[in-house]
Amino acid sequence: MNNVTRIAAIAVLAAVAGSAIAADCKSKFGPDDQIGNSNYITPEKTLAASKLITKGKAYRLGIETNRGTPAYPPRNYSVTVLQPGQVAGTTLGPTKLSYNDDIVMGWNGVGSQLDGFGHIGWDNVYFNCQKAADFAKVTGLTKFGIETVPAIATRGIVLDMAGLMNANPIKEGTAFNKADIEAAMKRQGVKSIEKGDVVLFYTGWIDLIGKDDKRYNSGEPGLGKEGAQYLASLGVAAVGADSWGLEVVPFEKDVGVFEVHQILIQQNGIYILENMNTEELVKDKVSEFFFTLGPSRLTGAVQAVINPIAIK
Amino acid sequence: MNNVTRIAAIAVLAAVAGSAIAADCKSKFGPDDQIGNSNYITPEKTLAASKLITKGKAYRLGIETNRGTPAYPPRNYSVTVLQPGQVAGTTLGPTKLSYNDDIVMGWNGVGSQLDGFGHIGWDNVYFNCQKAADFAKVTGLTKFGIETVPAIATRGIVLDMAGLMNANPIKEGTAFNKADIEAAMKRQGVKSIEKGDVVLFYTGWIDLIGKDDKRYNSGEPGLGKEGAQYLASLGVAAVGADSWGLEVVPFEKDVGVFEVHQILIQQNGIYILENMNTEELVKDKVSEFFFTLGPSRLTGAVQAVINPIAIK
Amino acid sequence: MNNVTRIAAIAVLAAVAGSAIAADCKSKFGPDDQIGNSNYITPEKTLAASKLITKGKAYRLGIETNRGTPAYPPRNYSVTVLQPGQVAGTTLGPTKLSYNDDIVMGWNGVGSQLDGFGHIGWDNVYFNCQKAADFAKVTGLTKFGIETVPAIATRGIVLDMAGLMNANPIKEGTAFNKADIEAAMKRQGVKSIEKGDVVLFYTGWIDLIGKDDKRYNSGEPGLGKEGAQYLASLGVAAVGADSWGLEVVPFEKDVGVFEVHQILIQQNGIYILENMNTEELVKDKVSEFFFTLGPSRLTGAVQAVINPIAIK
Amino acid sequence: MNNVTRIAAIAVLAAVAGSAIAADCKSKFGPDDQIGNSNYITPEKTLAASKLITKGKAYRLGIETNRGTPAYPPRNYSVTVLQPGQVAGTTLGPTKLSYNDDIVMGWNGVGSQLDGFGHIGWDNVYFNCQKAADFAKVTGLTKFGIETVPAIATRGIVLDMAGLMNANPIKEGTAFNKADIEAAMKRQGVKSIEKGDVVLFYTGWIDLIGKDDKRYNSGEPGLGKEGAQYLASLGVAAVGADSWGLEVVPFEKDVGVFEVHQILIQQNGIYILENMNTEELVKDKVSEFFFTLGPSRLTGAVQAVINPIAIK
């Protein structure tokens, strides 16, 4: 086989591999599906999950987002407050109206985030085998934009990995795989993880924010490849953690760059939730709760700054 | 009385008037309170409200926010999608990672919004008698920033004013006052509005978006002054509507510029929720429901783009 | 030849074609060159051009840039004015300092612009055969950023195409090629166009701004492919016009998408200047003048909003 | 005199003092004037200044502006580069067009700046006695916006204060007043400073950027109050320095907060130029030169990022 033929053959093989990946990216819910496993969050699921509310205590899972929040470079975020039309202390009308308004500049991927299905792809092919060139427009995604995320009200589960591993924070590079997940479930008495559930890992990593931002950003404990495949096999709707990227960094041996993201988002239609603060839930020894999330519906946005409400 | 003395006397009278307003602005919940009537959303309140979930159907109340959303000038909002580090189709690593990221530029007050207590004041004095100069910093409010909004999980009530008034949309300038609110409650069988409730008006006004943005923005039916005082007397935590500003515009006779905003926010510590899409709730003949809201916790932000989840 | 071999052969041919283009992109000024024909603007050139100042009249060639400026979608630009730290009319210090500050949000490519050499490429290869993946970083170009543009002080020539063609504005789609350029020169008594000159076309097209923005944006008279090659052969440092894109739109038959941009910028290292307002120069019957330009040195910027000063 | 009367009397005195200041703010060039001493830059002035070009060497006086540029908090600036419509390496048309575009977010007051007359006021009264409430609109100044700055082409003078004071950089807090200015002129053989001139101080302070940003930002040598009054008496059009704020910081004893800014801008209609890099001019022993400046004409902008061109 001469060189030209050999290069061509490799190209064909690559194309075949590409096809295999394409097959993996198909949604179980049909060619028009944009919400993946959130299809499992049926009214029955929501109703059943609502029974987890036994005390009425509500928790904010979002952390604050601001100029100082450590973020994946060059992401940043700023709010600027101003008083339009009120120069020199001017007020408006007989009741002397004063008001503040605010400007935002920055990137959605700062602080507590939901990664939509347009965030992560495999060779420019995204969930449900959608090609980036077809939907990733500069003025916003025409598929998978955050406005498509449904109302999420389902069962939430927090797995206390810090408690399990007796380390707080758990060391960066520590992977959570099937055995770890099952051990945490057993320790907490969580009988099963089911279709449409939201699973959150507690690692203590988030406490580094403001104390050691550099360390925070340069690694994290988190979900491993086998663990991601396991959770995907159970049909969860979303997976999150109290860390900037959910998945273990440095990546496991022989695992690609953010391949856990690819497995969850691109191959399985599972949202990723980052910087989810579950400390108070863990302190209160809550394992299962009612999880609600309505991300701001910015049309075509790739990600959302979020603040889910957990209720026990 | 000579001129100098007369001017001084007027200044004193003004100061007295100012004190009267100051007295009104005090929080019932103490000098350090930043959340006003949301203090009424106790675990007991949340637990009771959760019993309203009988079908498990979840509704998104947020509309989409984008370049085309009509907004109070000069507010606007844009999302821009880009592919950092992927020039010329470059992918990352052995699993060919591709990703989209997004930049936001604009104003928080676009689309579905929560008005925090730092939004509206009376002569530069805000809720709980806080002076703007003390907390309205250019880099963010140091009190009343959106990060202070608690986890909201409480009873929601939608009042179908369009059905009551047999007009859809209701004409701009139509005020909803005590009698109207009570008539709507009676018509729907809502027995009472209670402390910590969230009350939303359905007017049909929101359907003008995209059809007649100019009319949409230049007026609206909505809450009148007496109606605001009535709801405040009942201790509601938040009031909203399917319109850009909740309150009736043009303003009622002898009512100040956005005085309903002042009554709710500055004098009573009640959040205002704007552009709340309750159409599907009304179609489903839902009057009472479980209302959850976790606004993105942008530190120091005046307002938030929101998407509350209503569950029946 | 089987399919695999044929595909491979095509790939090889494409690579060869790529090499040909690559050869065209090489700078005459060496592998490290980032400023192209501006190398011709030597002190001797500047000194000679300064002798064109005979009256001392200075002209602004920049138009205004703001929220209303028609621009290539989705580009826009806004300035927002605020008064940091001066809530409620507060002033600073014994001399009661007040101040305004301003925020910018938008895209550099709005209004009067300089297109740097990082703006336009050919199959992701840019001027001096630089590959986009090597220098087009998300945080700014690492080559060809606007900060690299030298101090430009040289001879400027305005060619009154509207006068020549007796049409104002000249109709969109009208191409200026070698014969037109020479006719304009002859009509105005311009003896030659030389190395390091800046050539500006006057078409009257810019007068449509604010009158018919839609027409303004959807086409333009301008430089044709042969005209671009002609000017490049003369060694000009920059070419501009009183239109949004300099080159004729719709493109000439058999000419690529913005191929004139490619010829000037990518193959010849010639800056493009857009929305250059030369009306007053033409009214004053000025053909040659001293041209100075110092674009704001935003590191890594692709383009610059500019306002060159022409002096007669 | 009782308290009320005493307070009233003080208010009256303050009003009188205010009137005195108001008188100072009037422009010599009439009630409609927006450009102050730049009125002195007549064609005769420009023509005469152009004779200073004897070598043809052109200098950029602007420094770079980017994410790392030290700036007055909370000012910052960012450029973000993206490739619209080119996802997955897509090119446009038969000639495979590729292009980069760029987004800006930030504040105009970063890096090399021109302070317009809308930047600095005295108790909310600005140059030519314009009241902020009348022209400082949130969408841009309606007077004194940067679009009003005329084409500036005049005589530039650089005074080597570092050489005079034998210190590089000169220590923060060192004031330049009349005697210092005259000593520098004498040392360099500058016979006079005249109407319409631009005067720049060289202090070496700018070399701290990137080396000691904290020190750079927390003080500076610079123009004192008497020195500002002296330059104003000579009718200069603009004054600048190689420092972030031109004027000496800490302020001189009994001098108000940025009072030198007030004297130059508010009382005398003199532009201030900041972060002007004159090091190369000083190295080349240039004292007088042709100065040209065309700031980007952002409508209603308070300040401009600039890059004047000096030519010897």
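Annotations
The first chain written gets the first letter, and so on, giving A, B, C and D; residue counts start at 1 in each chain.
Basically, a contact is a pair of C-beta atoms (placed from the backbone, for glycine too) under 8 Å apart; a residue touches a chain by one contact, two chains touch by 3 or more.
Just so it is clear, the model here is predicted, and its values are computed rather than measured.
Centroid distances built from C-alpha atoms place C farthest away from chain B.
Where the sister copies chain B and chain C meet, the same residue numbers recur on both sides for over half of the interface positions. If you average the Cα atoms of chain A and of chain B, the two centres end up 27 Å apart. The centroid of the Cα atoms in chain A and the matching centroid in chain D are 47 Å apart. Under the contact definition stated at the top, the residues of chain C that touch 2 or more other chains are 67, 74, 78, 80, 82-84, 87-90, 98, 103, 105-106, 124, 132, 136-139.
With chains as nodes and touching pairs as edges, the resulting graph is complete, every pair of chains being joined. Residue ranges on chain C touching chain B, taken from their complex, read 67, 74, 76, 78, 80, 82, 84-85, 87-88, 90, 105-106, 124, 131-133, 136-138. The touching residues of chain A, when paired with chain C in their complex, are 4-5, 7-9, 11-12, 73-74, 80, 82-83, 87-90, 98, 103, 105, 138-139. The touching residues of chain A, counted against chain B in their complex, run 41-48, 50, 53-67, 74-75, 77-84, 89, 91-109, 111-112, 118-126, 132, 136-141, 147, 150-153, 256-259, 261-262, 290, 292-311.
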